[in-house]
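Two complexes are shown next, each including chain A; its partner changes from chain B in the first to chain C in the second.
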Partner chain A sequence: MENSMSIILGGWLSAGLTIFLFSFLYKDNPLFKIAEHLYLGVGMGWWFIVLLYGTWIPKAYEPFMQGEYVLIIPVLLGLSLVTQFIPRISWISRYGFTFIMGYGAGLVLPLNLATDFMAQIAGTIKPFSQLASMSWGAIINSFLIAIGAVCVLAYFYFSVEHKGIVKKASNIGIYFLMIYFGASFGNTVMARFSLLYGRFDLLYDFSGASYAFATPIIIILTVGFFALKHFMDKKKNSGAAQP
Partner chain B sequence: MKDKLRRFLRIDRRWIFLLLTAVMVWPIIHPFGLSGKTSQQSVRDFYDFVEKLKPGQAVILGTDYDPSTKPELHPQAVAALRHLFSKDVRVLILTFISGAPGMIEELNQTVPAEYGKEYGKDYVIMPYNPNYMAAMTQMSIDIYKAYDKDAEGNDVRGMPVMAGIKTYKDIAGVIEITGTGMLDAWVAYAGDKYGVPIIGGTTAISQLGFGPYLQNKQIRGLVGGMRGASEYETLISKPGKATSGIDALNMAHLLVILLILSSNLILLVIKEK
Partner chain C sequence: MKKTELLLVFFSFLFLWPGLSFALNGKSNIALPLIEDAIAEDMPYDSGGDILLRWPADEDDEGVVYEIYAKTESSENEWKLADSFKAFEKTADKMRMPFWAWSHGSDEYAVKIPIKSVDGDADIGTVLCFKIKAFRDGKPIAESAILCASSDDNWFNLPRLNGLLMVILITAAFFMTMSRAKKKGLFIRRIAGLDAIDEAIGRATEMGKPIYYSTGINGMSSVNTIASLSILGEVSKKVAEYDSIIKVPHYDPIVMSVAKETVKQSYIEAGRPDSYHDDANFFLSSDQFSYAASLDGMIEREKPAACFFMGYFLAESLLLTEVGASAGAIQIAATDSESQLPFFFTSCDYTLIGEELYAAGAYLSKEPMLLSVLKLQDFGKLFMMLSVLIGGIAIALAAVFHCDGFVKGLLDFFTNY
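Up next is the complex of A and B:
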């Protein structure tokens, strides 16, 4: 019983917050503000709890209490970042940042150079050594990729004046970029609609008897709120207009 | 006539929001069943990879998404886990995103029971780890340096699911479901460096950015957005949330195309006059 009550309450909360956030599409209103502030507060609270119980306690506190005293070094480096909030001793945070920068750069640079730079250049060139064994479709594809890569690079190469062959290449590069942006925009629209569908689907789930008709009741109450507010604002304005 | 057309172009956008709501809610109430065809090679590659896994092999399932991308990515994770369990593959579920443990819990409550899978024997859920670079690097030397306990604080070393697993070489592949840069990280820190096959599931927005990795075989397969998820659900013959969502997505896209076409036609007519 208690479990089903908590599920129903969860449904009401979820449906209510979704409808309150969607109400901004009509106009800015206090219901939207409530949901917005709750979202920020709960998000921060969740993040804090996950970090406390997921990182601080199992990775720092517990091993330290079991005698792994060397952990004091990373803990102090981490805590040094917090001194940013105290201007008088904020210089201490440099030690933490220095470690993060050095460690991060050392780990990221070589690997990303290999993955995103060298491997991509090799991948663009490699098919041209295998043309004899490739299908016509794959050959055309390889040429398109190579031409696209060179022309887009020419568009972003500003060390020489864009005229002659460089201008022609950069102009072709613009078409490749436009195709990419078009496809990217199409995918973005699809992604946003998917998220919208997710909320509508949940609102539909919450509209049934198993959730005590949460969605229709909250929609009716929200519309009622807007109607009442509209009526009161109108009355207030007409009262202020009278001499 | 001209004024009426101009008025149409200046329509209050809230009417469009209302229309969009109507066309998306309608198929949720009465599904049309428009989906069902698989067209993307990258989704078939994803499916083929899992299909070729042998029973008992171990796979890492990275579930790095939170509620903000759940409608797109959760159906992918559900479908991938169903497919893995149907092949009797051992699964190590892990995340580097603080909002993901709730999503993993949802997976844990539904999918394993469908296949009679036992926690600790067939799959394990690792705790949230905020430092993905350190974890991915440590796992190349010793997985237990990054994960010695599961999400509940139990020692993972004695669990049957971890038997014979020490480094990446004992892992058959990494399936990463994410809308973040975590898929790039797996490619860089595990795929390219240690030769672990990487397979990805991502949001529609991020999908295009992974094209070069896919072309270059740095990623073996990719499921993109809700469309990709619905195709994958069709391949494993387990229709889920993505399949039912495709109707709504199709209707919304049709509305957008209709609005773009009608607005441009009206503009042309007004210009001609």
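Up next is the complex of A and C:
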């Protein structure tokens, strides 16, 4: 199957940038720097376009042009943040920040209280109202969750010295935490490996004739570049060491 | 034919006519029995998105299927099926409402109809009409009168009264602990990871290398970022005292602006405003992996003596700390992002777990305001522990002795409506 020139170029770019980024595993090098700066620039450009077309135009410019003049207030608050660039009037930005902080705290407080606090208590004690209809496994599970919740909270209790029963409870809490972290670690590592396989799979795809052997050629060129650089650095160093 | 026979034929025809008519036209013209006392009203305490229909439930309803038809008052369109359910499936006691805002029981049906499901263009104030029909074995047996109502947006969400009470309780407790913190001071147990901050800054000063401090990838409205900035204030104060160099690369421009003020203030408080450089805080990228790649490059090139990763992190956590470890930096991490904590454990010298991040700012500064916030959090944890222990036992006993009202009341209090 023959690919068009743009698809082949895309394959070369993708394979090249992947290999350049992987080259960091060897050591910091100019190829990695190229990929790093390109990634940073593209990331910034991408977010600029997303914010421009996803927020600024549909949520500020267009409604304003249609007569929703009240939008001038949030727009001005937002623009006040830009005054940070002009030291003489940078104090204006505090109005915007104050609003963001106040709004954020006001939004988060009732939300977190409801979801991270009260709903957690309800979720932990609710199974105890259904013990009669639960299997033994579910009953043990409910008790484990309740004991785990209390002991982990004891670990994070800062107002008393961890001695006596508090120490015992917090030690049990640490076991619960470590079991959770172990499971989480395994789960995440597996997910990362699947990403790595995906990348290798792409590199394999790009190594075929349909992509003009992008992967092997770039790998050979990269290794050649490192060998050449190593040789030149060595020569430079030995030259500098001579009296 | 006799007169009486004629009358008999006439009355027979009269009684047979509806059935004959139904057979001929395919539908009945008989007026069905009325579902009485049915009402349509605005759904109480909501933001105006629903209409509530209520009508009495009868013991003989077993096997009955109810269908609710709806249309906008002004439309000429046909009635549209809005809901259908079997008898006793949607009685009022099954409505997700707490006991303090809902007193209707199992003796009536209560059905919530979203106005948008009737008409996509319907808005608050649009009058909608409803008709309830009851069927048994597929045949209509009763129907309601046409019920019309419009929704309204309510100012007060009574089901969330528990949340309001908790906020009031927390606010009162905050002022009490604040007053106590100012008068007597408050005790906080030792947090091991934080004692290493001095060691890390001292090492950076001795080596003449910079310290990198990342506030994570969350915005300014996140608690973890706020906590991170309060630690940054203390770290940069020590950096100013030791005349070391701090570099704070940012993911979020708003966090960067606040962090600038924080670092500047710390230098002023340390009596070293002349040592402050505005470029200590700098923006990298709002793209997660661009940020990680760029910060990795900087750490690899500058080989900092210490790296602090305080705040919210996701998949970039290991990318950052692995490079920091290979650069030989002493690394202290703190996050409440539980999925990333294992990675910090494996690659950092010290890791603050979850709540310790919030406690760190108070622990380092000993400021009454932060101490009282920490104390308040501890009150919250104590409340939670006691609620789980006592509430769990109480609810189990109540369930054994069939005190259903108590069980519902207790669960209602802790439920987010």
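Rule of thumb we're sticking to: the second predicted complex is superposed on the first by the 234 of 243 C-alpha atoms of A that agree within 3 Å, B and C clash if a C-alpha of one lies under 4 Å from a C-alpha of the other, contacts with A are read in each partner's own complex, and residues count from 1 in each chain.
Everything below uses one rule, namely that a contact is a pair of C-beta atoms (placed from the backbone, for glycine too) under 8 Å apart; a residue touches a chain by one contact, two chains touch by 3 or more.
What you see is a predicted model, and the numbers here were worked out from it, not measured in a lab.
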### Query
Just chain B (first), just chain C (second), both, or neither: which does A:171 touch?
neither
### Task
Have a look at where A:156 lands relative to chain B and chain C in the superposition and call it first, second, both or neither.
second
### Message
Let me test your reading of the model: by the given contact rule, A:210 touches which partner, first (chain B), second (chain C), both or neither?
### Response
neither
### Query
Where does A:197 make contact in the superposed view: on chain B (first), on chain C (second), on both, or on neither?
first
### Task
Considering only the touch criterion stated at the top, classify A:24 as touching first (chain B), second (chain C), both, or neither.
second
### Query
If you stack the two complexes on chain A, which partner ends up touching A:32: first (chain B), second (chain C), both, or neither?
second
### Query
Who does A:115 touch here: chain B (first), chain C (second), both, or neither?
both
### Task
Answer with first, second, both or neither: which of chain B and chain C does A:6 touch in the superposed model?
neither
### Message
Per the contact definition in the header, classify A:58: touching chain B only (first), chain C only (second), both, or neither.
### Response
first
#### Entry: Set of chain A residues, in rising order, touched by both chain B and chain C
46-47, 104, 107-108, 112, 114-115, 119-120, 122, 180, 184, 188
#### Entry: Partner chain B, residues of chain A touching it in the complex
25-26, 46-47, 50-51, 54-55, 58, 104, 107-108, 111-112, 114-116, 119-120, 122-123, 145, 180, 183-184, 187-191, 193-201, 204
### Summary
Listed in rising order, the residues of chain B that touch chain A in the complex are 14, 17, 20-21, 24-25, 28-29, 68-72, 98-99, 101, 127-130, 133, 137, 149, 153, 184, 187-189, 192-193, 203-205, 207-208, 212, 215-218, 224-227, 241, 244-245, 248-249, 252-253, 256
#### Entry: chain C-touching residues of chain A, taken from the complex the two chains share
21, 24, 28, 32-33, 35-36, 39-40, 42-44, 46-47, 81, 84, 93, 97, 100-101, 103-105, 107-110, 112-115, 117-122, 124-126, 128-132, 146, 149-150, 153-154, 156-162, 177, 180-182, 184-185, 188, 192
### Task
Write out the stretch or stretches of chain C touching chain A in their complex.
160, 162-163, 166-167, 170, 186-189, 191, 219-223, 253-254, 257-258, 260, 284-287, 289-291, 293-294, 296-297, 300-301, 315, 338-339, 341-343, 345-346, 353-356, 359, 363, 374-375, 377-378, 380-382, 384-385, 387-389, 391-393, 395-396, 398-400, 407, 410-411, 413-416
